[in-house]
Amino acid sequence: MKNTFYEIKIITDFSAAHHLRDFRGKCENLHGHNWKIEIVLRGTELNEIGVLVDFGEVKQATRALLSEVDHHYLNEIPFFADRNPSSENIARYLFERLAEKFDNDKLRLYRVSAWESDDACATFMRE
Amino acid sequence: MKNTFYEIKIITDFSAAHHLRDFRGKCENLHGHNWKIEIVLRGTELNEIGVLVDFGEVKQATRALLSEVDHHYLNEIPFFADRNPSSENIARYLFERLAEKFDNDKLRLYRVSAWESDDACATFMRE
Amino acid sequence: MKNTFYEIKIITDFSAAHHLRDFRGKCENLHGHNWKIEIVLRGTELNEIGVLVDFGEVKQATRALLSEVDHHYLNEIPFFADRNPSSENIARYLFERLAEKFDNDKLRLYRVSAWESDDACATFMRE
Amino acid sequence: MKNTFYEIKIITDFSAAHHLRDFRGKCENLHGHNWKIEIVLRGTELNEIGVLVDFGEVKQATRALLSEVDHHYLNEIPFFADRNPSSENIARYLFERLAEKFDNDKLRLYRVSAWESDDACATFMRE
Amino acid sequence: MKNTFYEIKIITDFSAAHHLRDFRGKCENLHGHNWKIEIVLRGTELNEIGVLVDFGEVKQATRALLSEVDHHYLNEIPFFADRNPSSENIARYLFERLAEKFDNDKLRLYRVSAWESDDACATFMRE
Amino acid sequence: MKNTFYEIKIITDFSAAHHLRDFRGKCENLHGHNWKIEIVLRGTELNEIGVLVDFGEVKQATRALLSEVDHHYLNEIPFFADRNPSSENIARYLFERLAEKFDNDKLRLYRVSAWESDDACATFMRE
């Protein structure tokens, strides 16, 4: 079969406070969420053990990164000093940080999604 | 059959910021959650339409009450001026307010549960 | 330890159409739901295999009963000829039928719950 | 980073009755479902507030459209006069209506999915 | 209000292999599950911080106990030498171990539930 | 509208034991999981009934295939004799078997995903 590939996805979460500046509506108030975070990586070949990458390794790296935002007030994080801590920007922030860590010649970060509630999700991704 | 009864449960949610005073750990920081709220009512007889109480009526009353905390900073709500806005106290606050509204000779509020995450829930209830 | 017991719960579902007679609101229209059904049985002792009752046996009996309502128009089922097919009455109907089947000196049906949506559930149960 | 974009997804639902004409099987009977609806929009740039589009605006527009089918008998809706109200056609119907509303030079509707149960979903989408 | 109390629930999980001896059916084969574990504690008063017990403390104690069964073959655990590793017996095993740890004059373990799949759950509990 | 297509997804599951050879970590032990399996098919046109393919037919074919692994020890399945029964390889195994069955000029298998837990999923797919 041609043009096949593998994808792995892990899900984790963090809890934080935020408010959106200049937003017309209730999100302008100080409030908070549990964000559920999905990380998706892609590659065409498995390693000698038969996995694309160890789930545990991806979870650990993501949790280490999330510890910088978990149980914090997002508007005080430097990345959000000049842009709103919207779920779109949270997804982008995590994407940029995790791509540095995971991209190599066999593996690339494909998307990061941030669910701010059970019915609303923002994703930053590449083709 | 003897000693039977009906129960209805509705689930709704709100998003807010809070911090726990004097808590040793990360919950002392300003952060936030999506709280999932379960409301359970009990009664022994259905009305002439064949329901214990209209789900829509319970949802509407609960949402009206939750609008006081949704997208707010819980530590600024008067009920939490002299007690921490823990999930236990949130459940109790909602219970006391909803019992006033729903308790009558055919119906009684049985429990209110507040999930602060997918794996942690606090309940205030009565026998 | 005293006064301990076991409980088993299985979850299944069915899809049907219904309407509620004399209901002021949108439920008076012909519409439908996926009902998620929870069956809970209690007993104080396990059998020689170490289970209260085989999950598979409970699932099979429940599915056999649900085949009478799945993909049907509930208002045409005899039990609902003189009472509305509300979730409360659906729970009661299933409870009465399953208690006949499961109650014995070692096991008793404790409750039947019918979720008509992800956020609204009716239960018929006994003490 | 090149060729990156944002995606937002919202989830909502409606409950309705339907039957499938000429279908060999139980779906030919009058029955019903809770359909869970996912709406996905894509774009390459965030607005000045830092969001692709306000989640609340997408939810409101989708709920307004769903009010035409919620608690109705789908076979009576004009769009389904000459085609079956299958989940595939429901997804297409919602896609065509929402694309008119949301497509602009910064945003395009990418897909609409209709879950007719927790384990069966149909999607209408474009490349 | 009289006869009120608090309840806290945490959810965690473990993955293991098992087989049921003398079981007529597919569970007699060596197979495995992800067990989702619910721990419920009850008490009538909150501590000076305003919680019944710290969620983190309950999660940590439960995870420490589960490390003895996670990623193991349950039939080799001593408790299951002379009784089947059914979900009922798993719930009882965890209950007995956690009651020793948590029961005191302000707090008591109320129930432990073990979901062996999304639709089958066994509980060991006391009145 | 141009370049549109339909997708259908079904979800099912199986329970099995496995261990990963030469894996540094706890997955090297004999253990087990409930794997949740997602099957996604794509096509550009609906049949005369108005569906891409009958959900029931896809579920039945997938369950028939899964009966070969459900309640088994995966390391004893021939496909896994010379490669580890990782979730990646499970997804590939199911993909290859189901593509044979479903691919035709109107329909093609697009992806198979295997969730080994609620927070870890592997996919085998094609462009």
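Worth a mention:
Think of it as A, B, C, D, E and F in the order they're written, each chain with its own count starting at 1.
One rule holds in what follows: contacts are C-beta pairs under 8 Å (C-beta built on N, C-alpha and C of every residue); 3 or more make two chains touch, one makes a residue touch a chain.
Keep in mind that what you see is a predicted model, and the values were worked out from it rather than measured.
The chains in contact with chain A and with chain C alike are B, D. Chain D and chain F touch with mostly distinct residues; of the residue numbers seen at this interface, under half occur in both copies. One finds 31 Å separating the Cα centroids of chain E and chain F. Centre-to-centre spacing of chain D and chain E amounts to 40 Å, using the average Cα coordinate of each chain.
Averaged C-alpha coordinates put the centre of chain A at 25 Å from the centre of chain F. Counting only residues that touch two or more partner chains, chain D has 116, 118.
You'll find the chains touch as A-B, A-D, A-F, B-C, B-E, C-D, C-E, D-F, E-F. If you check the complex, the residues on chain C that touch chain B are 20-23, 25, 83-84, 86-89, 91-92, 95-96, 99, 111, 113, 116, 118-127. By the touch criterion stated above, chain B contacts chain C in their complex at residues 1-12, 46, 48-52, 54-56, 59. Chain A makes touch with chain B in their complex at residues 13, 15-18, 26-27, 29-34, 70-73, 116-118.
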